[in-house]
Amino acid sequence: MDRDSVRSVLESVSSGEMSVDEALLSLRMEPFQDLGFAKVDHHRGLRQGVPEVVYGAGKTPEQIVSIVRALEGRGGPVIVTRIEPSVAEVISDEIDLDYHGDCRIGVVGPIPEERVGRIAVVAAGTSDIPVAEEAALTAQLLGNEVVRVYDVGVAGMHRLLSSMEDVMTARVVVAVAGMEGALASVLGGMVDCPVIAVPTSVGYGASFGGLAALLAMLNSCASGVGVVNIDNGFGAGYLASTINHMRSPE
Amino acid sequence: MDRDSVRSVLESVSSGEMSVDEALLSLRMEPFQDLGFAKVDHHRGLRQGVPEVVYGAGKTPEQIVSIVRALEGRGGPVIVTRIEPSVAEVISDEIDLDYHGDCRIGVVGPIPEERVGRIAVVAAGTSDIPVAEEAALTAQLLGNEVVRVYDVGVAGMHRLLSSMEDVMTARVVVAVAGMEGALASVLGGMVDCPVIAVPTSVGYGASFGGLAALLAMLNSCASGVGVVNIDNGFGAGYLASTINHMRSPE
Amino acid sequence: MDRDSVRSVLESVSSGEMSVDEALLSLRMEPFQDLGFAKVDHHRGLRQGVPEVVYGAGKTPEQIVSIVRALEGRGGPVIVTRIEPSVAEVISDEIDLDYHGDCRIGVVGPIPEERVGRIAVVAAGTSDIPVAEEAALTAQLLGNEVVRVYDVGVAGMHRLLSSMEDVMTARVVVAVAGMEGALASVLGGMVDCPVIAVPTSVGYGASFGGLAALLAMLNSCASGVGVVNIDNGFGAGYLASTINHMRSPE
Amino acid sequence: MDRDSVRSVLESVSSGEMSVDEALLSLRMEPFQDLGFAKVDHHRGLRQGVPEVVYGAGKTPEQIVSIVRALEGRGGPVIVTRIEPSVAEVISDEIDLDYHGDCRIGVVGPIPEERVGRIAVVAAGTSDIPVAEEAALTAQLLGNEVVRVYDVGVAGMHRLLSSMEDVMTARVVVAVAGMEGALASVLGGMVDCPVIAVPTSVGYGASFGGLAALLAMLNSCASGVGVVNIDNGFGAGYLASTINHMRSPE
Amino acid sequence: MDRDSVRSVLESVSSGEMSVDEALLSLRMEPFQDLGFAKVDHHRGLRQGVPEVVYGAGKTPEQIVSIVRALEGRGGPVIVTRIEPSVAEVISDEIDLDYHGDCRIGVVGPIPEERVGRIAVVAAGTSDIPVAEEAALTAQLLGNEVVRVYDVGVAGMHRLLSSMEDVMTARVVVAVAGMEGALASVLGGMVDCPVIAVPTSVGYGASFGGLAALLAMLNSCASGVGVVNIDNGFGAGYLASTINHMRSPE
Amino acid sequence: MDRDSVRSVLESVSSGEMSVDEALLSLRMEPFQDLGFAKVDHHRGLRQGVPEVVYGAGKTPEQIVSIVRALEGRGGPVIVTRIEPSVAEVISDEIDLDYHGDCRIGVVGPIPEERVGRIAVVAAGTSDIPVAEEAALTAQLLGNEVVRVYDVGVAGMHRLLSSMEDVMTARVVVAVAGMEGALASVLGGMVDCPVIAVPTSVGYGASFGGLAALLAMLNSCASGVGVVNIDNGFGAGYLASTINHMRSPE
Amino acid sequence: MDRDSVRSVLESVSSGEMSVDEALLSLRMEPFQDLGFAKVDHHRGLRQGVPEVVYGAGKTPEQIVSIVRALEGRGGPVIVTRIEPSVAEVISDEIDLDYHGDCRIGVVGPIPEERVGRIAVVAAGTSDIPVAEEAALTAQLLGNEVVRVYDVGVAGMHRLLSSMEDVMTARVVVAVAGMEGALASVLGGMVDCPVIAVPTSVGYGASFGGLAALLAMLNSCASGVGVVNIDNGFGAGYLASTINHMRSPE
Amino acid sequence: MDRDSVRSVLESVSSGEMSVDEALLSLRMEPFQDLGFAKVDHHRGLRQGVPEVVYGAGKTPEQIVSIVRALEGRGGPVIVTRIEPSVAEVISDEIDLDYHGDCRIGVVGPIPEERVGRIAVVAAGTSDIPVAEEAALTAQLLGNEVVRVYDVGVAGMHRLLSSMEDVMTARVVVAVAGMEGALASVLGGMVDCPVIAVPTSVGYGASFGGLAALLAMLNSCASGVGVVNIDNGFGAGYLASTINHMRSPE
């Protein structure tokens, strides 16, 4: 409820159109949306049809089904991330779930076809692909054109260089890499658009579950790199989408 | 040198306007720009007047002076980050340096006045201000309108809430916080624009030099948050500027 | 045996009512209770009917059964924490166990119905609920009135704010959160009663098994926050109960 | 502004006593206190005369002076923690500062003499005393009776045992220890009141700046122990005070 | 081969009793025992009948069987540590193995009955018993009298104190504890014989697999404490045995 | 006060020689020594003349002087460890201090000349010598014969081997090493007496302040190795002395 | 494409032999090999018959089969590392795979028989053998003569010393050890050829998954030691092979 | 003393040419060189004129002077690493020291002019140059031709690519980088000679003193990379020299 709405309530009270009790109820019922910092509803108004997102990990099939059904009521599609195949199978008995096993994302309802800009999702190794796919599919579902550039680790720089046109023409680059995570720095040094770096837990020994890649990406000597949590493909796709949907500044 | 330029050189050779040796020299002189992945020069062509940036930490005054003089030749202003006051003093004897002691940034040459969009730089505590200022001044110098919202840590949520209008109308938010770094999550849950989180080394004991804030920000339960290195105000300002300068997708 | 009891023994010796050997035996049989620092027995005398607590993790069903039987002899109810469902099943064959699968607590014997004060157990995400339930049920079993406020993570601040009345009227708040653990700081900044923070191992990647939330809670910029071990719902419920049972200072 | 106050404003508007603009101003000026979650002001109303607290570390003498002067205006005393001696000296030129060098706390204005309950501050070694004093003095300034039990590390258990009467009759115990931090567990096993454990950075080598003591205290096998940050004597004193001021539950 | 033996070989060569080739073979066959630093054989000569020890973890049943058979040839008993029950079962088909499932030790051959001195193995919790038993059985098998004092964690100090006579009359104390590992410090402060501290991986959350107990024990404020690896019951039993077998200094 | 003393008090009461109040006072004045677990006094009775030890780090010269004077009253010599040279100078103005600058130990009063057994203190590098000297001097002051074997790191195995006679004839070996700490394992594999391993903070980079050496020593593949804290030469010397003073088991 | 090739293309354009479009295509088709930094192809030309290597971990049998078939087309043998036995079984149905279960390496196609120099692969314990075998077999497959020296940990130095001839005559030594990793330092101090150190994850407790051995090897006091990742037998074998194939400098 | 020498001594004894005592002395005087594993002397015989190396850190000027003088007696030059400028000044009063302040290396005596092969020392940033210089100068002093390629971090890939000819023609590459350490992986993917990676402590925040670069280098996805300790330029130069001096295998 913005300033004008509060004034409008007050004017209704002043004019007698609204009783004090009604006004009180009105002011208290949704006090926080009133303040304008309720994120979900706010951007609902701006971009109709944006999918709702459910984090599926650690939830039972029953919980997911009931949440999805609640969200379906709002009209838009629903994305559920991190669903294990066995969970997806149970859910599919109840709901018409479009399940993408490679990145464990399930989609309920039709996704808007309009896609804008272009996000390049670049992955260092084949083992990084599940995380990269989570980022890529997330971005697609959120209305972004996506180009995938996979298996271009820095140990074979020529592979990366031969895909540079795809990378250099993107509006946002998502760099997905485990092990030493050098891909983010190399990409950050090549492009001048924002780079979202996703360390993955791919590796062994001194990779310490993705810590090595995480630290490397945080210490990138290239400017313009933002980092998300280890294996957080969804977060990278979401942030890249937010950036890609930016409009020109006035 | 893009595809058209190479074609142009080849046509000159074909027509006899350019000798083979001249063409060879032309192709080899700047082989990497030719390939199109030389970042600096590439965006030079797009946005004239963008300042050059020099990382001043660990460089002697003499090194900084000579680098700045070399860059000045290119015509634009030069920003030097992380200059200690004593170093700045020595440099100032040689160069006309506009030194900002609160964030240790020095500027050489006139900064373009045009500023676009709006970036909100939000800092949790007064001790976080030097890092926040590094981000804010960097963003200003790179041509962004900046609003500062300082001393709004989550332990006094009402202070933050009373500044929400500044925060919610920004195109990009930079969240600067040490200690437990909760500010990034709270902001990430309130706004729907990109949030760049900067953990700071402010704190003691189990903050472990900023590790606590860093981990917290990476684990933010809010979507749309990208993290940079501890105390890396410059990186946050630079990334925020890159995002703020995004144009509408076609 | 307190000062008066020792004096009484000595007087009996002095008067000849008690032989030296009897007195020696008496003084040596329970030397530690005598000193008054035997916690269990001491507070047994103060608050009759308080349940005995057994930490079930790492114990065999047989061990648990025999310990419970020994404790039952003392008359009060017995709480067993951290019993896996399969273990609970075996135990139930032997003992009349009231098993709460959501937080793996088993109860033997009737729990006193009297409950005092009010403890608010606040949990950030649905995955944090098992730990929150361990805290909540523990507090209830120890004689506290408990209100549960679940799924109110800081990424959706409006959900938390809409439950503030429950939180602000509590005598003690237990804040349960994984990932970045920001809930503790936000709550600590809102209420002025003691806050017991419980980091959980919920999360992935850079949460490092709850380390991120733990460090965040320890570094809370809010005053009045005490932290317990990762996933230690029982400890939080116990400490909250102890605080909630405080009587007015004289 | 609580429910009744909002109703009162609305009634004034309804009755015409207050104009819409005045009401709007009134509702917007302090919107957050209105919601009732503004901590400081809330408990201001409950306990008049409670000192304001300023965290002095990282602030210049000038900043501290101006903050103190602003707070003095509210009428109560002001506590400033973590003031280095050299800073205290500068401040003393401007303000009448009662400086306690042993724990680096400065006090401005008269402290209320009334003290309730009893908090035992127990410290393991002589090197832990500065942190213990920060806790003890904080608790005293906040209106608590405090008993100090110092130099009673577990390596000489008899020293601790000979002070048990002081410890066992306290309403809250603050356990301050560096090195292996065993004191918290031992105390937690002896008393049945809340124990606030403060790890200190006292030690060397594998104490890793207090990490060893911190981990030990978090893993305490005793129930009823809450932990604060390393060296956070103030936080412990504040939390202990909050607990000690608890009134009997209804 | 010590100085005298080399002299003896040389004299045999000098006198013609031994050919140069025989001498060369003699000097080269066991060059390292000759130097006197071959540990095993050296103390073989001192204490006949000492069991050979095989570390069973990570070895196949076949490997263990063949190693045991090789060692049996030397005449003494053989101890195999860390044998999983399933492995023990397979081995038992081939060899007459006396398997102790509680600490996963298997023994082949008769153990000498003579036992000297007394080692107290003290364990904090029931979950620590497997490690404690590994220490206790190891010490017994190596010829030491052992007294077990289990379930005497510092959270219930009176249980420990009531067993002090057993502890204080031992020649060596082995302190086994997980969680916060305070037992080692408390024991180290009570006895004046050597204390061997064994951190265990018992615990959860911030125990980080035994790290908390390990650090606590290394930082013990008590003198006279030596620490072995996490869960290394065998190492503690072995070291305690070595110390217990010390003879009076001349 | 042992059993006989308590009986004696009781008999005095019984016979009327002692009043009840006197007995009560007697029983309460030193209740813990009575129980026999007061370490210091207990071994005072066993080994007259053993020096008192004061840990000097973090104490002011004044504090040290007053503690030393108090201990002098008991008749024996006093050892003060970790005194910085500047502190030692101040102390020397007040007390007759025999200061050993190489290991920062000061001694007050005559040290008994009798020394038993032999402890070999072995140090890997010249930078490890201060820690080694702390161990060696401590052991000497506590009445042990000490042999020093310095600068025998495993990178030059021949240097170590040429000192093996000294090492192999010792009753206890103290192994002092920084960097990779391999010395402890090598020594542990060579001798069959107890080895006390002292990691030092000598090194740089990935030595992480002694962590590398500490972990290596804890993981020693040799049996019979106990580890103390990083740089804890005193603790190693004390433990070695305790072991060296062992008498033959009965 | 080197300078001469570019000149040649330009001359063809100049002479009219090649059209501008053909030249453009030629210059853009393989721009990176032209620059000469495409590793694979470069050394292909130098050493025909070198096996291709595929990292098998995290790849499905189908992926491995298709990659191997693609590589087979190039004529040489193919090595696949880190294939689990169950995966190898599936692959073997499709391809003639020579599977080495002890180190999980599969080989397709005939390996060249020529082997040069000598690499000594030295392993500390029997549990380290799988990693050591990965190094040894890799080196053999890459054309190196290999000598294996296993089970020679530093705790039994005589075993190592009795194999010194094998070690000292090698051109490169690979040192494989878990636990405390001292083997690398000891070997580094004995030989004067390059030593490649491989920490393994063998151990428990404070070995922290190989971290202890890794840190020890990095801190080796011996010169001439290079370290690879934990358990990275392949990397060590590959690097050793590269060094062993060095030719004399001109 | 090899097999033949021992035989020769024995034959002398057998023939009466040597007395038993003389033989005993001969066999015991240098028992370890006899065994052939004394590194220094062994390669002394192979490569005359190789400098002796002294690690200067933590040594007093006096210690360094006396060690250098002892080594000078052996005829060759002496290198002293890690000498602080102030220490170098003191030493220079006593010895003719050629001090290189940029990498803190001092040289005594003439260095042989012959240099073989070529080692490329590649450094990412200007702050990495001191470590790179330590490696480069070490390699030069040990008789290697060295080419320096500095300031070629991966964030500006074109700078690195423009120096590829220098890098690709080297026999060994030393990669020196702090921050994210990606340089090692990029170089490792470009060249097919051995790469020695040196992480540096250059960076801030999440570089954790070089840990980020260290982990990145250990996890390099490129084969043929060996890693040394953080900032260990000397170790890298030494290892590179050892590799560069390899002769062709027979």
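As written, the chain order gives the labels A, B, C, D, E, F, G and H, with residue 1 at the start of each chain.
Simple rule for what comes next: a contact is a pair of C-beta atoms (placed from the backbone, for glycine too) under 8 Å apart; a residue touches a chain by one contact, two chains touch by 3 or more.
Bear in mind the structure is a predicted one, so any value in this text is a computation, not a measurement.
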Checklist outcome for this item: Output for shared partners of chain A and chain E reads C, D, G, H
Item to check | chain A to chain D, fewest steps along touching chains | outcome: 1
Checklist outcome for this item: At the largest C-alpha centroid distance from chain B we find chain E
Checklist entry - Which chain pair shares more contacting C-beta pairs: A-C, or A-H? => result A-H
Checklist outcome for this item: Distance in whole angstrom between the CA centres of chain C and chain E is 39
Checklist outcome for this item: Listed in rising order, chain G residues that touch 2 or more other chains are 31, 35, 37, 39, 156-157, 161, 189-190, 205-207, 211, 214, 218-219, 223, 229-230
Checklist outcome for this item: In contact, pair by pair, are chains A-B, A-C, A-D, A-G, A-H, B-C, B-D, B-G, B-H, C-D, C-E, C-F, D-E, D-F, E-F, E-G, E-H, F-G, F-H, G-H
Item to check | chain H-touching residues of chain A, taken from the complex the two chains share | outcome: 124-125, 153-157, 179-182, 184-186, 188-190, 203, 205-208, 211-213, 215-223
Next on the checklist: Help me check something: in the complex, which residues belonging to chain F touch chain C?
Outcome noted: 3, 6-7, 10-11, 13-14, 16, 19-20, 23-24, 27-28, 31, 35
Checklist entry - Can you list the residues on chain C that touch chain E in the complex? => result 31-33, 37-40, 57-59, 63, 199, 201, 209-211, 214, 229-232
Checklist outcome for this item: The chain G residues in contact with chain E across the complex are 126-127, 156-158, 161-162, 202, 204-207
Checklist entry - Which residues of chain G touch chain H in the complex? => result 35-37, 39, 42-43, 46, 53, 116-117, 161, 164-165, 168, 171, 189-194, 196, 214, 218-219, 223-230, 234-235, 238-239, 242-250
